[in-house]
Every structure is written in C-alpha cells, then in structure tokens.
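In what follows, chain A forms one complex with chain B and a second complex with chain C.
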Partner chain A sequence: MRLLHWLPGRLLSAIIVLLGASILIFAAVRSLPGDFAQIVLGPLSNEEQREQLRQSFGFDRSLPEQYLLWLGNAARGDFGLSLASQQPVLDELASRLPVTALLAGMAMLVTIAIGIPLGVYAGTHASTGRGSAAARIVSTIGISFPEFVLGCLVVFLFSRFDLGLSVGAFTSPTTDFGRGVVSLLLPALVLSVFCVAATARTTRDAVIGVLVEPHIAASVARGEPKGFIIRHHVLRNALIPVLTLTATITAYLLGGAVIVERVFNVPGIGSYLVLALDRRDYTVIQAGVLLATAVFVIASLLIDVLTGLVDPRVSVAKKGRGA
Partner chain B sequence: MRHAFPLIGGLAAATLLLTGCTGEPAGNGDDAAAEVAPGFLAVADESIASSGTFRAYLDYDTVEPNGLDPRTADTARSWTIMGLAYETLVNIDENFEFTPGLAESWDEVSPTEYVFHLRDDAVFSNGRPMTAEDVKGSIELLLETGSAWSLQLGPIESVEVTGDLEVTVKLSAPYTALLGALANTPAAILPVQEVRDGTVDLKTEMVGTGPFVPTAHVQDESWSFEQNPHYHGLDELGIDAVELEIVPDEANRLAAIRDGSAQYVFFNNADALDLLAGTPEAKVVNQQNTDFYYVILNSTNPDSPLADERVRFAVNAAIDRAQLSDLTLAGHGLATGVSPVSLPGACDPEELPSQQLSDEEITKLLADAGAENITLSLQTWNSESAPGKIAQVIQQQLEPFGVTVDIEIVDDATYGATFYGSDETAGADIGVSWYAGYGDAAMVSRWWNTDQAGFTARFMQGSPELNQLVVDASEEPAGEGRDATLTKLCAAVDEGAEQVPLMTRPGVIAYRDDLISPTINSNEGYGDIFRYVTDFRLKSEG
Partner chain C sequence: MSAILDIQDVTVEYSTGGTIVRALDGASLAVRAGETVGLVGESGSGKSTLGSLVGRLLPGNARYPEGRVFVDGHDVLQLGVKELRTLRREQLGFIPQDPISALDPTMRIGRQLELALRGLPNDRAALVGHLERVRMREPERVLRLFPHEISGGMAQRIVIAMTMARSPRILIADEPTAALDSNVRSEVTKLVFGLARDAGTTVLWLSHDLRSVGRWCGRVAVMYAGRVVEDGPAEQVLGSPTHPYTVALAAADPAGVQPGERIETSSVDVAALAASFRDEEEVVAR
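== the complex of A and B ==
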C-alpha cells in the first residue's frame, strides 16, 4: 500500500525529468554548428538543394513547432526517420539495443562479481595488512583511468600482439550468442573497470561503517562465525549505498558505452549516437538521449524500490514525500 | 643511482612493447609503392581456382541524401560500394586511359560529338537486357538531378539513340573531360524503363549490370553482396560473395588484417604501413591518388591579412610540400598543382611560381604588404588524422616568417559551417581539406571557377581570367596545347592562392597474402579500391 502512495509521485517526477531532458537535448542539438543538410549534401551542394532537403524533413518550420511536433509523435512512439539511413529511428535503436544491453549487462556482472567482494575484503581488512592497501590502490587507479585511454591501450595491445582475444571482430549476439559474448568480453572489461573501482570503494566504506555498529559487536559477543556475520549482518546493511550507486553506474555504463563501443567498433546504441552526432542526425540524437534518460530514471526508480525491500528501515513512503 | 640502468632498460623495453617496435625494418612500408607490373602494385594470379567470400573492411559507409541512388553519390566510398553493382559506359585503366565498359568502343566524330557502340550481352540484375534507351535515359536522368556530377558531364546538348546498340552524345562546346565524367559510378547505366515506371526505386535498390547484387545492408555496419547471375563476365569471377564491414576505428581495422578476419582493408593513414610491418602475412601497398590536400587562404575577409594577394602568395610559398609530406604522410604525398600531378598532362609542381621564391623573398613580400607579425586562424576537421597533422606542420613552417597560426580542429559539421553554406565570409583565415582529383587533369579545376563552383564564395573571389583558364583547360583536346594551358592554370591558381593545392592524398591498402590475390592499380582517380575486384582470386574459400 505504501508503494501505491509513493509511485504516482515518482512517476510524475520521472515524466518531468524526461520532458526537461527532451527540451535540453533538442536545444543543444540545434545549437551545434553545422547542419545535417550541409553534412549529407557536402560542400559542393548549393543553398537550393540544402533548403529542399531541410524542407523534406520539416526543418524549415520554427523550432518550437518542430519540438512540439516531435514530442507529439514521440509520445505516440513515433520518433521519426533517421536523417542518414531514412529508416525509422525506433527500429534502428531497437536493432542496436540488444548489443548495448548485453555489453552493459556483462560490465555490470563483472562489477558485482569483483567490486563487491573486493570492497568487503578491503573493508574487513581496513586496519591491517597489504591486502587492504592493494584494494585501495586498485580502486583508486580504476577510478582515475578514463575508459577511452584504457580502451585505446587494450585495442592496441590486442591488435598488435596475439593475446588470445581479437578486437574489432564483432559477432552479433542475436546470430551467435556465444561468439557475441566473447567478442564483447574486452569492451565489457574496459567498461567495468571504473565501476568495479567505484563499487569496491563504496562497499569498503559501507562495510567499515557497519562494522562499528552495536549489533555487529553483539554478534561477535554471541560467538557467531566471522563469515556468518559478514554475510548476514554486514553485507545486507552495507548494500544500501551500493544499491544507490548501482543507479549511478547504470547511467555511467550507458555513457561509457558511447566511448567503448566507438573504440572497439561495437555496433550498439553508443557508437550509433556518436555517428549521429557527427552527422547532426537530429532525430537519432534526440531519441537516443531520451532513451538513455528513460533507462536512468527507471533504474533509479527500481533501485529505490529494491532499497526499501533490502532494508525495511528505509521508508518508501518517506522517500516518496521527499521526491 | 644504482637502479638507473635497470629503470631505463625497463622503460625502454616497455616503450618497445607499446610501440610494437621489434627492431625489424619496416619492410612493408619501404616497398609499399613498388610496382609488380607497370601501373600495378599487385596483380591477381588468375591461375588460382577461386571461389568463396571476399571480406573487406572499409573506413566509412555510403551516406547520401538520396540513399543508394548513384547519380547523386558524392563520396569515394559510395562510388566504390555502388560500383560493385553498377557499370559505366567507359572504364579508366591504370594509366588513366579510357577502356571499354558497357560501350565496347566509341568514335570521337568531332570535339563535340561522340558515338558509343554498346556491348550486346549486358543484362541488368533483374534479368532485362540493357538497351541503347537505357544509356540515353541514364545520361538524361543524371543531368536532371543537377548534382555535382551532372556538372562534370559538361555541356551536353543532346543524347540520341542512333542504332540498336548505338548512342550519340552531342556537346554544345568541346569538352575533353567527358569520358572522365562518364567513367565514374554517378554516370552508371541504370534500368531506365523500370526507374521511370516506378518499379525500381534507386534510393533503396541497386539494379545494375555489374558483377554483384546487394543482399543486405545495415547502415554504418555492413554490406552483403552476391553474384549477379546475369553479369556478362560471370564465368571469370573469382568471388562468389562480398562481405563489407564498416569499421571507422583504424586500430580495429589493423586488428582485422592481423588476425585474418578481413582479407582486404583500407587505411587513410600512412602509419599503417609501419604498424603492419610485424605481420608477415599482410601485404601493405601505398596507392597513389589523384585526390589532393589543399589549404584555403580566405581572401574574402577585408579585415584579414589574407585579403592581400601578396600575403596569400607568401604564405603559399612558405609551405614546404616535401617536408609536409615527410612529416604527415611518411613521404608518400606528391607535391601537386591544381591539375593532379599523377594525371597525364599535369603541370610540374616544381615550376610553380611559389616554388621559385627564396626565404628572403617571402619575408620581403610579407614586409611589403605590412604583414610582418600576423596571426591567422586555421580550422580543419578530425575524421581523418592527416588534416590535423598538416595544420601543425604548416603552423611550424610559417612561424619563422612571423606568421602565427592558431589551430582549431573540429568535427566535419563544424568545419562545413565555417567555410560553406552561408553568405558571410568564412569563419577562419585558413582551412585544410582535400578534393577528389578524378580521372582527367581539368576536372577538379572546376572548383576554382567561381562561375561554376558557388560553394567557394565564402573564401574565394577568383577572377575572370582564372575562370576562363578553367574553361579552356576543359575544352582543349589532349596534347601539348592543353598541357600548356594546364601549366598556365596551375600558375594562376598558385599566384592567386585562395585554394592552394599541396600534395596528393595516397591511400594504404592492406591485404592478406595468404588469403587473397588481388589486382591493385598504382594510381587511382576515383578512390575505387575495388576497381579490379572482378580479377581478384581467393586463396581459401573465405
């Protein structure tokens, strides 16, 4: 019942966020120098040809009129045609979505599989040993290393030397899932480095915070085994900030995919958006950014729900009022 | 200090590892321009019994306002890809001589009349035989578009069917570049009957008489072609299918040739010659192009020092083409005038007026113009690596003459907005870009004729004399008279220095010697890296 009170408010704020994002991206794209007609028709074109092309896509109308028209169509699920391929944008994005989703999913898996154990280890060994220091160093380096630098380095090394995995030879997961996963392994690892580091650091801090709680001291006093305490008391309580971070990581993965897909020649939504930006393919950029915003908003929403489920002390209703 | 040597050694080892330097000579780079036969960097071994799929990686895809319609195709990659499905009336060979295409012969009745005799076995991929009406209609359809290539066709007065397999083209004035214009993909012969009745949509379909038919295309990702069962040379094809991957990132293309997932890869970066030196199965060749890099020296801004012709000429003279080529294109770019240096009859770039000036004369010229310490803005684009490098070298070369250059490297769209598509003067003093050089020495010079090339208005004023020289060069028949006109034209362009040709823009083609035996011409006019694809032989089934 609490969820029913809270959800409408969150949905309304989500719609407002999406609307705001759509206005921002529409204005940002239109304020970029150069336009689609110039790019596609090339320098040899004349003004008459460019104007004809603009008219054919409705770019001769006023900006507010263009925006409202686009918004109205988008609300009905019609994001228009890609100016470059002249195919429906939704179809173009849908055909690339599985690739980006798999890439982000693999990166998320690596993040959870490595980041959380690393953070727990660093947190439970915070005051002793080299292991904790090593974990801190690893997480600091991971956070500091931009993925485009790491990506270029990995592409160079794996293309220069025979290291067992090839770069650039992408296989679609929809045609061969196994080979698709293998071809996404390197990009997913590069994409996950920052996330692993951030997750490890957040987990470590959360674990350290939980370890000084009285109920942990009580568990120790009861003589419960260390592993049991960590699994049942520490981890569960430490997970809340990690879950919150997951929403941020989701956004990061979408943003990072733009770079990583480009560097590794992965034909997902990220590389498609970069191309669209180069070509001033307005409809694609608008739809792509709106999609990314929607994913982030939905992820945040789900994380809020999950947080309440993991720790009932966090009042869903209270969060809803605060929203 | 005891650790200094191990540390330095470690750093050196790491550097060698990262740069991939194995101590081997860059053999691939050194002999990359060596010909195996006159005019060819590679010649397919026709004795190989070949079948299978030809896999190539390209740098970018065709993106045109009219989709797959060849008539308005504007980029070399579009010409290359569409050229797999379409054929033209005439072809161009390794010496830039014209050879039979869909016309098995032609007569130049007079400088204004050409009669083309068509082959009788050409059939479109939809199964309908090509007719003389298709040829007439294709030229007319191209002229109707008003596209850049329709301008290159010159002053066509009429196209008539004068026999079952004969078409006569009449011109209103002599135009030597006609065959050069007819030899490129935008002048492809189309199934006109179907185009006119709407059963073939050129924007979405490719129905040509060429060797292959597209079966799938994912924009910016890939193309699939299969054999055209009606192709007149079907028995001689050594390829069953073509798979093209669009891979913008160069490192990924390098990886593909190294691991053999691609048999044939194109690069725009001379560094590829050395980067593939450690892959013995990869053959890397440097294909010379008629395309050339040029700088815009914007003359239309009255507040810029470049409004003064003396300053532009001095800046032009201060650019050392040989050094520019060495530092940016591994020495493979050839200095050129406005008639591309690799074409027959082209002017000698060493004879250009700017090349006769000493450093002292350049300095004096700038001083006379009151431009002793000036700052110029330069803008170029980033979708290829060379323009940015060229900008940096030019910056260094001009600095000793008191010319400071502020460089801005932007995306293509921003560059376009700076120099084209408006009435205002261009937004920068200098621009760096390149032009396609085509297959005739006068074709590209059209872009220096302000009567014909309106797109230059934001940075070029030109002159009636220059415009007339461009027209003269296109009208005069090949021979000494035309060569002399081209030399005058080159000098006029060089002195006016509003668009200054620098050096040719070679391409690098890498192929797997263990997988494919290709034919690659040493000089290319239309960026068609698949020009001899029908000769290619596969060493494995791909």
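== the complex of A and C ==
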C-alpha cells in the first residue's frame, strides 16, 4: 500500500503544526490588551484582591511555565476551568460542539450537493456561452457577498415576513435532531453560499482543464459518448483540485461559523468563543482556537489521504519527497 | 475498386482570436481498402489536420468552407453526432503521438482497456489476450499498473491494443513513434503494420521519418502548405521525386546519406523552392 509510505511522516508533520499553533495561540491570547482580574472583579476592586485572583489562577508564574503547564494538561484532555463560569472548559465546549458540527456539516453537505454538480454542468457547457456567463456571474456574486451581510439580510427577511422558517428560535440537535436541523437550515444556507460558489468555480475550471487533456481526445476518437466520458474520465480527474479546495473550505466553515452563529444567535462554539474573547476568558479562547486548529489539521490530513486514493501520482510524489 | 477513404479538395480554417489560419488548402487524397499510405511533410504542412479530419476530430474553432470527406461512403462532415460516433467506434482507429498522455492518469490500465472494449468480450482473459497480441511482457501485472508507472513504449502498445481490438477499417497513426526511444520505434512500427495486415486495416501513417515510411508504406503522399503535392508508389515518390519540396525533403533526410558524407543543407531552401513552385503555379493559373 502506497499510503503507508508517506502517512507516518504526514502524521508527524500534523503534530508539529499543532504544537506550533499551540505556542502561537498561547502567545496571542496572552498579548491581548486588558487584564482578566480587572474585568472579572470590576473597577471597584483593589490591587490586593486582584493579586490574590491572579495567584489562584497561576498568572503570577512565568509565561513559559504557564504554557508548559497548560500544554501538559491539554494533552491529557484537561483544558482547565473557564475563568468566567468556573466550569471545566472541556464540558462547556463539548456541550456546544454538536451544534457547530451540525451547522458546518450541513453547510458542507449543501456545498458538495450543489457546488459540484453546478460546476460540472458549467464546465461541460462552457462552450455554449450563455450558460457559462450565467455560472460566472452567480459564482462571482456568491464569492463576493460577505456572510454577515447575507446573514443580516436573511434574518431581516425571515423575521419581517412569514416565510415558513423562523430565525432566533433554536432547538438543540441533542434534544430533537430533526427540529435541530430545521432550526439550523437558514444559518447553514447562509454559511454555504460562499463555499457553493467557490466549489462551483473550482469544479468548472477543473472540468474545463480535464476536457482539453489528450486522454479525453483519445476517448472521443474511440467514439465514446459524452456522458460516458464525463462519468468515467472527467469527474475523477476534475475531483483532484476540488478536494484540495475542500481543506480551505473546512477552515472557512470554522471561521464563518463564528460570524453566522453570532448573527443567527446560535449557541455553538463560535458564539461561545466571541463571548470568551469579550470576557478575556483565556482558558476558553486557548482551548477553542486549539480545537479549531486540530479540526483543520485533521481535515487536511483526511483530504490528503483521499487525494492520494483518487490520484495515484500524488502518493508517489509524497513518497519521493519523504525519502 | 472504390476508395474507402476519399478526401476531396478540402479546405480547413482555424479561427484564433480574430485571425483565420488556413490549415488545409484544397487537399485531396483517395485511399483504397488495404493500402498503407505514408503521409509526409514538415510540421505545419497540414498532415495532422488531414489525419484528424478523417474522424472529424478537429478542435471546435475549425471550419470547413470547402470540400468533402467520405469514409466508406459516409459523408463525414455532414454526419449527425450519433452516426459520427458509430463511425469512429466501428470504422476508425487513431494512434496518437504521445501515448502516455492518451491514457487516463487516474485509472489502472486494466480498467481503461475494459472501458475501451465495451461491447466486446472484456473479461480478464480477454484483456490479457489483447496485451499479448501487442507482445506485452507480464500482461497480468501491467493490467494493475497506472499510466505513470509504465514506459512510453508500453503505453503505446496499450494504445495500439485498445485501437486494434476493434479491428478498425482505417487506422490513422499520427507520428506514433516520435515520442519513443529509437530502439523501440522499429518494434512498435512493425507491430502496428503487422496487426493492420492481419486485420485487413487500411493504414494512414503520418510521419516525417522518410526511411520508415519507405520501408513500411506502399504509397507515399507528400503534403506542403495544406495540400497533397505529390502522391504515388513509395519507391517512385521517394526515389525520383518530382515536386521541388519532395526533392528537398528527400535530400535533407539524414537517413539517406552515407556515413561521413556531408548532409546537403538544401532544407534551408525548401521554403524558397516551394515558394517559387507556387509562384509558377499561380502564373499558370492566371
């Protein structure tokens, strides 16, 4: 199996990326202006009270010491207590994770289900002018529309007029999955608009690129029907750049979720992180951003494996570089 | 005996960014069933366009303002999409210059062969049989490989196997050995002509390797500036050429020169010679 030749090296580099990210996250969070003790205890507290609070949370130790302590605990799954709520960070994040995972999952599903067919259609009909121009305009609008604008527009329309779906009324997917999905439908659609447009554009370009390859010309010369050629020879080859884009989309979904959750008032990880930032809740911010990084690193790893399965040349190149 | 391939006075133009390039300028060629025709000429003379024209495989920006092409009585330029597909599938076979890029890079050889042989027996044993016909070593192993794992010579054998499996009436090979190492060239050439002879396939062999054309083709047609300027039995065309372009081409062929002899660099004058010939022609036309 070719995969086994490069997978260990790729795993190692994923761990190094995570470690590096953890240092960056720790440093970035600690360089935020504003003092936690000041915010928690309020302006009326005296220096003695603040000092006591800092000591109880270990803020009096040196930064490298704090980092190593945090990393050691994090490796064991202990992200500490939320400074604001005094609850274990892991529990706080775990209770919100299903919401964000469902939101991102739904957006990804919409992206794949609409973006790829749209791109394949636009790519295979690129020579017929009108269809391709329409696809280009739609994808340009989709790519350039920020989700907070679109989100606010949707919130306005659906709260002003009775359009069947309500905004603001949220059901947790852990209590009622079906209603949870329905209540996340609008946020997921808003979140997916950019991804659908980007996927459609990339798929279209990939299909056009594959169509001019000599092996497609060879199939045409063998008298194969168009549908047959697209099914067997175009789709798989065009999938390679689209898979690469999927890694970027994963990162985008994580970031976009923060904004969309905020706009639609969805109690997921994104809105929780924004709240934690407001409160200078270091432990929550650190754990949340590290979680997002881990999701992205794992997603990239999975996509690399998938790309290796779709394109036999990739794994060979990786193996060569590793050796 | 009537011609299986009849190209009548065809003009082909490509429109690229506002300018029109004429690739064929009244080219004619009639080939009888079973003939082996070598089509020679320098790059840009229109031989590839002529070869692709037989299957109407020219790019989308090609126009056919004049002329007709008949394959076994079918008017190729007027056929509907379905009929054209059937014609390509059942009557024509193409072998391209670069065999590796003619194979799908993401698919194992076995699967590609299987797809290409749709409608024919395409089980494992049949696939192995087709590879054995093109003298592939270890056919079982090759079926499991991807195109990037095989050599150019192997890839060309696979493409030949794919093409010849359907026993086409006409085989169009566009410089099929140009991308191969010199030591496999003659082997592949021999293979193609052997399989074509066994199947009774008519061969249109596009090349600028005059020596192999002289050796394997019964007839030679010379193209220059979008036309067939000389056409006849191989030994006559190559041995005592009449068109100035053919004269220059034959003289510049390094294969025809004795070792140690200086090659006549008349190829420099090819354009001038041919231009003068065309001028004469135009004067005659007036």
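Odds and ends about this structure:
Keep this in mind: the second predicted complex is superposed on the first by the 315 of 323 C-alpha atoms of A that agree within 3 Å, B and C clash if a C-alpha of one lies under 4 Å from a C-alpha of the other, contacts with A are read in each partner's own complex, and residues count from 1 in each chain.
Note that in this section a residue touches a chain if its C-beta (ideal position, glycine included) is under 8 Å from a C-beta of that chain, and two chains touch if they have at least 3 such contacts.
These figures come from a predicted structure and were not determined experimentally.
On the shared subunit chain A, the superposed partners chain B and chain C are arranged side by side without overlap. Of the two partner chains placed by superposition, only chain C is touched by A:S127; chain B is not.
Shared-chain residue A:G77: touches no atom of chain B or chain C. Measured by the number of chain A residues touched, the leading partner among chain B and chain C is B. Of the two partner chains placed by superposition, only chain B is touched by A:F264; chain C is not. In the superposition on chain A, no contact is made by A:P64 with either chain B or chain C. Within the superposed three-chain model, A:R236 lies in touch with chain C and out of touch with chain B [touch as defined at top]. In the superposed pair of complexes, A:G227 makes contact with neither chain B nor chain C.
By the touch criterion stated above, A:A217 is placed in contact with chain C alone, chain B being left untouched.
Between chain B and chain C in the chain A overlay, the least Cα distance found is 36 Å. In the superposition on chain A, no residue of chain A contacts both chain B and chain C.
By the touch criterion stated above, chain A contacts chain B in their complex at residues 32-35, 37-47, 49-50, 53, 82, 84-87, 92, 95, 152, 155-162, 166-169, 262-265, 267, 272, 275, 278-280. By the touch criterion stated above, chain A contacts chain C in their complex at residues 127, 213-215, 217-218, 220-225, 232-233, 236-237, 240, 310-313, 316. Contact residues of chain B toward chain A in the complex are 18, 20, 63-65, 67, 74-75, 146, 148, 203, 218-221, 247-249, 251-256, 258-259, 261, 275, 278, 383, 410-421, 447, 453-455. Of all the residues in chain C, the ones that touch chain A in their complex are 55, 57, 60, 85-90, 92, 94, 96, 98, 101-107, 115-116, 146, 148, 159, 162-163.
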